[in-house]
Amino acid sequence: MQYRRLGQSGLQLSALSLGAWATFGSRIGRGEARELVAAAWDHGINFFDNAEGYAHGDAERIMGDVIGDLRLPRDGYCVSSKVYFGSAAEPRPTQRGLSRKHVRDACHAALRRLRVDYLDLFFCHRPDPDTPVAETVWAMDTLIRQGKVLYWGTSEWPAERVMEAADLARKHRLHPPTMEQPEYNLLHRRRVELEYAPLYGELGLGTTVWSPLGSGLLTGKYNDGIADDSRLGQPAYAWLRELLLEDTSRLERARAFTALASELGVAPAPLAIAWCLRNPHVSTVLTGASRVSQLLENLQALELLERVDTSAWRRIEAVTRER
Amino acid sequence: MQYRRLGQSGLQLSALSLGAWATFGSRIGRGEARELVAAAWDHGINFFDNAEGYAHGDAERIMGDVIGDLRLPRDGYCVSSKVYFGSAAEPRPTQRGLSRKHVRDACHAALRRLRVDYLDLFFCHRPDPDTPVAETVWAMDTLIRQGKVLYWGTSEWPAERVMEAADLARKHRLHPPTMEQPEYNLLHRRRVELEYAPLYGELGLGTTVWSPLGSGLLTGKYNDGIADDSRLGQPAYAWLRELLLEDTSRLERARAFTALASELGVAPAPLAIAWCLRNPHVSTVLTGASRVSQLLENLQALELLERVDTSAWRRIEAVTRER
Amino acid sequence: MQYRRLGQSGLQLSALSLGAWATFGSRIGRGEARELVAAAWDHGINFFDNAEGYAHGDAERIMGDVIGDLRLPRDGYCVSSKVYFGSAAEPRPTQRGLSRKHVRDACHAALRRLRVDYLDLFFCHRPDPDTPVAETVWAMDTLIRQGKVLYWGTSEWPAERVMEAADLARKHRLHPPTMEQPEYNLLHRRRVELEYAPLYGELGLGTTVWSPLGSGLLTGKYNDGIADDSRLGQPAYAWLRELLLEDTSRLERARAFTALASELGVAPAPLAIAWCLRNPHVSTVLTGASRVSQLLENLQALELLERVDTSAWRRIEAVTRER
Amino acid sequence: MQYRRLGQSGLQLSALSLGAWATFGSRIGRGEARELVAAAWDHGINFFDNAEGYAHGDAERIMGDVIGDLRLPRDGYCVSSKVYFGSAAEPRPTQRGLSRKHVRDACHAALRRLRVDYLDLFFCHRPDPDTPVAETVWAMDTLIRQGKVLYWGTSEWPAERVMEAADLARKHRLHPPTMEQPEYNLLHRRRVELEYAPLYGELGLGTTVWSPLGSGLLTGKYNDGIADDSRLGQPAYAWLRELLLEDTSRLERARAFTALASELGVAPAPLAIAWCLRNPHVSTVLTGASRVSQLLENLQALELLERVDTSAWRRIEAVTRER
C-alpha cells in the first residue's frame, strides 16, 4: 500500500480508503461488512470513512461493531464521521446542521456508534447557510481541545467558505480545517482541480475524494442502460440516476473511457481510481466497494499507477474531456 | 411549528417555547407538568426554559424528571437555566449572584436537577453590580469550553452592559453572549424595540421573550379586577399585582386590546403572542401555560400570524400605544 | 455577619474567617475542630483557610472530614489551600515550591484531603526564587480552566512580584491573581498599607489577612512573659518566640494597646481585629481561634467596628505607632 | 544527591537519573529492574527516563509495574516517555511519527504502561520531516492543558527546529519546549556545547543528556575489543558497534581517557559522568546501569565533581580532544 499525508498535516492515510456510503447498513449486512474491513486492513487500508447520515447511523453502528470485533489497534487506523444531515429519519431542527449544539451532539453520537474515544477526522458534510462559519469553527476547535476529534474538515464546501473558516481560525487562534471531501473523477474535475487550487498551497488542505468511479459510470456497467438490480436502478437512487443521465455527454465520455481501457487491456475501475491518484493533491481515494472482489480489483489501481505510461494517460484525458 | 434562529447563531428554536416560571413546582405538579411537556413536544416546541430561582430549584427538578421520563431525544430539544437568584430560600452570600463561584455551582446544580450533561442556554438572570462583567464572561466561557453549556446570555440586562460583555469577549477571545431574555408584550415594548436595537445587528443577539401576555392582563382576565384564585390574586404575587396596578393606564390599554380582539373574533392570548412574533428580533416567545388547553390556545398564535391582516395590526398598535 | 468582596472580584467572604494554621491537627483534635467549624458557620463565617503545609496535611484532612460531616452546602462556603512548603515532613525537591509539577500535585492532594471537587482559593504560599513566575501563572490558569480552582493568589509576595504575575497574565490572557494573604495587625502594617497600595486599584487585589492579634501579643497574654503552656511557649514555636522578642518595642506597643483597651472597657482581641477591618482593602480577617469561646470573643469585633468612636481609634493608632 | 533545575523551569531533577534504554525489558528483567529503581530512589534519584520505543513498550511496562510496586510517592519522582518510533515491532504509518494522532495515542499508551495519570516529561524522540512543527507543538500544548503532560521537549533535534517550535509556541501562546535529550559525553560534545548554545539563554532550555559513557567506550571495557557477552557484542547492537568503530579515533581517545583515570586513581565511568555534570547546561545525566553495583559506581560522580581538581580536568580535556 502507498501512504500519503493528509495535505500538509502529519497524518498518513492509505492511498485507497474504504467508505461506508451506500453500502454499510443498506446494501450489505454485518457479515459482508466484516469481510470487507478485514480485507481492507490486510491490504494496508487504514482509513474507514463514515457519516452520521449514512443509513441513519447504521453505517457507523456496523462499522464500529466490525472494527471492535476485529480488534484493530486504535492507533493503527483512522475513522471519520460527518455532521450535517442528522441521523434521524425526520430530523428535528436541532438534529441537523452545523450549530454548536448539533456539532457537539453529532460528535458524541458518532463516538458511541463507532465505539471509539475520538474521531480521527470529522467533516462538516455540507455548508450550513443558517449557521455562521465562526460558530462551527469554534465548536470544532473545542472538540479538538477536548481530545474528541483530531482533524476537522469540510465536504463539498465552496472554496471561499473553506478559506473563510481558515481565516477565522487564524484570527482567533483556533484549529483550522485540514481537509475537504469532494467528489472527484474523470467526469467531475473542476472543483478539485480549479476551485480548490489556491487552498492546497495556502492552507495545506488535504482531500479525501469520493466517487472515483463517477457513481459507477466509469466501470462501464451502465454503458447499455441501468439494470434494476444495480445501485442506480434502485428507487432510492432515482435522484442520482436522473442527475447522471440529465447530462448525456457524461455517459458518452464514460463509454469512450471504458472502450479505451479495454483497448489498453486493463479493468476500467482501477484505471479510473489510478487516474485520481495521479493528482498529488488527492490524499486518498474512497472506494465504496460492497464485495471483497470489488475491493481487490480497486486495489489494482496502485499497480496501474506505476504501469500505465504517459501516452496512455494522455489518451484517457483526451477521450474524457468535457466538450 | 415555525422555527427561528437564536439571533445570528445556528440554533433553531421553536417560535413558541414552554417556560417553567410560576408554574412548575408551584401551581402545577408532576402529572400536569408531564402532560404539558408532552403536548408541547408533540406540537413541535423544542425549548423548555427554566432557572435556578424558579420554585427554589423544584421547577428544574420536575422538568428534568418529566423530560427524562418522556425520553425526549437530547439532541432534539433545548433546555435552559439561569443563574443569579440562587435556589436556597435564604441564600448565603456565595449562593447567589454572578461570581465565578456561583456561576460554576449554579451550572452544576442545574445539570443535576435537569438530569442533563449540558445546558443549551445559560442565562445571567440579572446584572450583578457586585461582580465585574469580565469575571462572569470568563466563567461562562470556561463552562462552554468544558462542554457544560452551549450558549450563554443575559436576562434583563441594560443594553450597555450586554455590549460591555460582548466587547470583553471579543478582546479576550472568549465566547460572547448569544441571547437576552427580556420581558416583551404590547404593554412593555421599549427595551426590546429601542434599547436593544443596536445589539441585533452588531452582536447578532437573539431574544427569548417572556410575559407575552403582560402577566395575564392581555388575556382580559383582570379586566374586572383580580380574583383570589388567579395567579395575581395569590399572596406570593402581591408585589407583581401592585406593580401592575400602579400604572392604571396599563389596565386600560389591556381592556382596549381585549375589546378589539373580541371585535376581530379572535382569542386575545394567541393574538398577543402573535403580535410579539411579528418582531423579527424575537427568536422565541415563552409561554407560561399551566394547562394543556391554555398551551393549545397559545399555539393558535402561529395561524394568527398568517391570518390577521395589516390593518388589524395597525389598530392593535393604536389602542395599546402608551400615552 | 458582614460580607465583603474579595478585592474587586465577585466573591463575598465573611469579614471574619476561620484559619487552620497552628490549631487544626496540632493543638486541637477532630472534636474541637468540629465544634469550631460548626460555631463559625452558625455565626455566618463562610471562609475556611488552610494550606498543604499546616500540620503536614493533617489540618486539611481534619477540616475536610469536619466539613463533610457537618454537611455544609458546597456552594455556601469557601475553602482554600496553599502550595509551596509541601506536606511531607522532609519533602523531596519536587514535593515543594511552585513548579508546574508541585502546583498540580499540591492542588490534587488538597482536593483529596479536603474532600472537595474544587478549591475556592489557592495561594502560592511564598515566592519561589527557583521557578519563573510565568510557569506558576500558567499552572494556576490551567487549574482554573479545568474547574479545579476558582481564584488563585499569593501569600507574602513582594508587591512587584504580584505585579509581574498580573502583567504576565494580562499579556498571555490568563487568569491574574485575585488576592494576597499577608500578615496584618497593629504591629505590622507596612506591607498592607504601603507596599501593596498600588495593587488595590490597578489589579483589584483582595486580601485575606492573617495574624490580626500579632501572634497573640495584642491579647495581652504575653505582657508578663511567655507561659510554657501558651502557643509561643511550645518548643515548636521557638523560632516565632525569638522573632517576636527580638524587637522589644513590639511588646511595649502591645502593652500600651492592651492598657488602652482596658481603659476603653473592651477586650483587646476583638478590638485588634476590628482595627484591621477598618482598612477597606482588607477583604477578611483570619482568626486562628482554638476554642469556641475565643471565636465568639473575636466575633465581637463586628460590633466594636460600629461602636468604637474615631477619637478612640486615633488614640489606638498613637500608642501603637512604630518609633 | 545534588538537584538541578530543568533549564530555567521550576522542576528539580537529580543530577543523575536512571534511564531504561537498552536495559529494562531487554537485558534485565522485573526483579533486577525493581532493585535498580529501589536503589536509585534510596540514593535520591528522582527521574526515571523512558520511551515508547524502548523494548517495544516493555521498558515502560516494567518501570510502571516496579514503581507501582515500590509505592513511590507520585509527587516525589518524575517519569518520562518519548514519542516517535512507535512501540509496535512493525509500526503502521499512523503508529509512529509526530502527527497529532500519534502524539495523542503515544501519550495515552505510555500513561497506561507506566500506570500514571500524567507524564512529567514527554519528548519528541526525533524530528519528523513529515509533520509540520506547528502540529506537534499544538498537540503537546493540548496534552499539557488536559493535565496529561507537564513539560514537553525534544530529543536530538537540530537547534533551529527547537527554535522554530519555541517561536511557534510564543506566537500562538502555547507551551514552548522545556528540554532536549541529546547525546553528550567526552567523545561527543559539539551539539550540546556549540549547536545548542543559543537555546540555553534565549529559551531557558534544559538538557537530560544520554550516553555519558559513550556507549561504554569510556569505561574502558572495549579497550581490547568487543566481547560477545557485552552490550555491543550482541547482534541487536551491530549497527551501534559499527558506528562506533568506524571512527577509530574515538576508541583511541577512550583509551587515553581510561589510562588517565587509572593514573588519577579513579574509576573511569563516574569520572566521565562527573565531566558531563561540570557543564552547567546539563540538567541531569542519564545512566543506563543494568546492575545496582554499576549504579552505585556511577553515583560516585557526585563526589568526583567536588574532588577532582582543575588541572586534572584540563588534562582530561586534552587527551580526549578531537583531532
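In this document, chain identifiers A, B, C and D correspond to the written order of the chains, with residue numbering beginning at 1 in each.
Keep this in mind: a contact is a pair of C-beta atoms (placed from the backbone, for glycine too) under 8 Å apart; a residue touches a chain by one contact, two chains touch by 3 or more.
Nothing here was measured: the structure is a model prediction, and the numbers come from that model.
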item: Touch-network distance, chain B to chain D, counted in steps; value: 2
item: Angle (degrees, nearest 5) of the CA superposition of chain A onto chain B; value: 90
item: Interface numbering overlap (same over half, different under half) for chain C and chain D; value: different
item: Inter-chain centre distance, chain A versus chain D - centres from mean C-alpha coordinates, in Å; value: 44
item: Contacts with 2+ other chains: residues of chain C; value: 145, 173
item: Pairwise chain contacts under the document criterion; value: A-B, A-D, B-C, C-D
item: Contact footprint of chain A on chain B as seen in their complex; value: 3, 5, 8-12, 14, 46, 73-78, 118, 120, 144-145, 147, 150-151, 173, 175, 204
item: Chain A-facing residues of chain D, complex; value: 88, 92-95, 97-102, 104-106, 109, 128, 130-132, 135-136, 138, 142, 145-146, 172-173
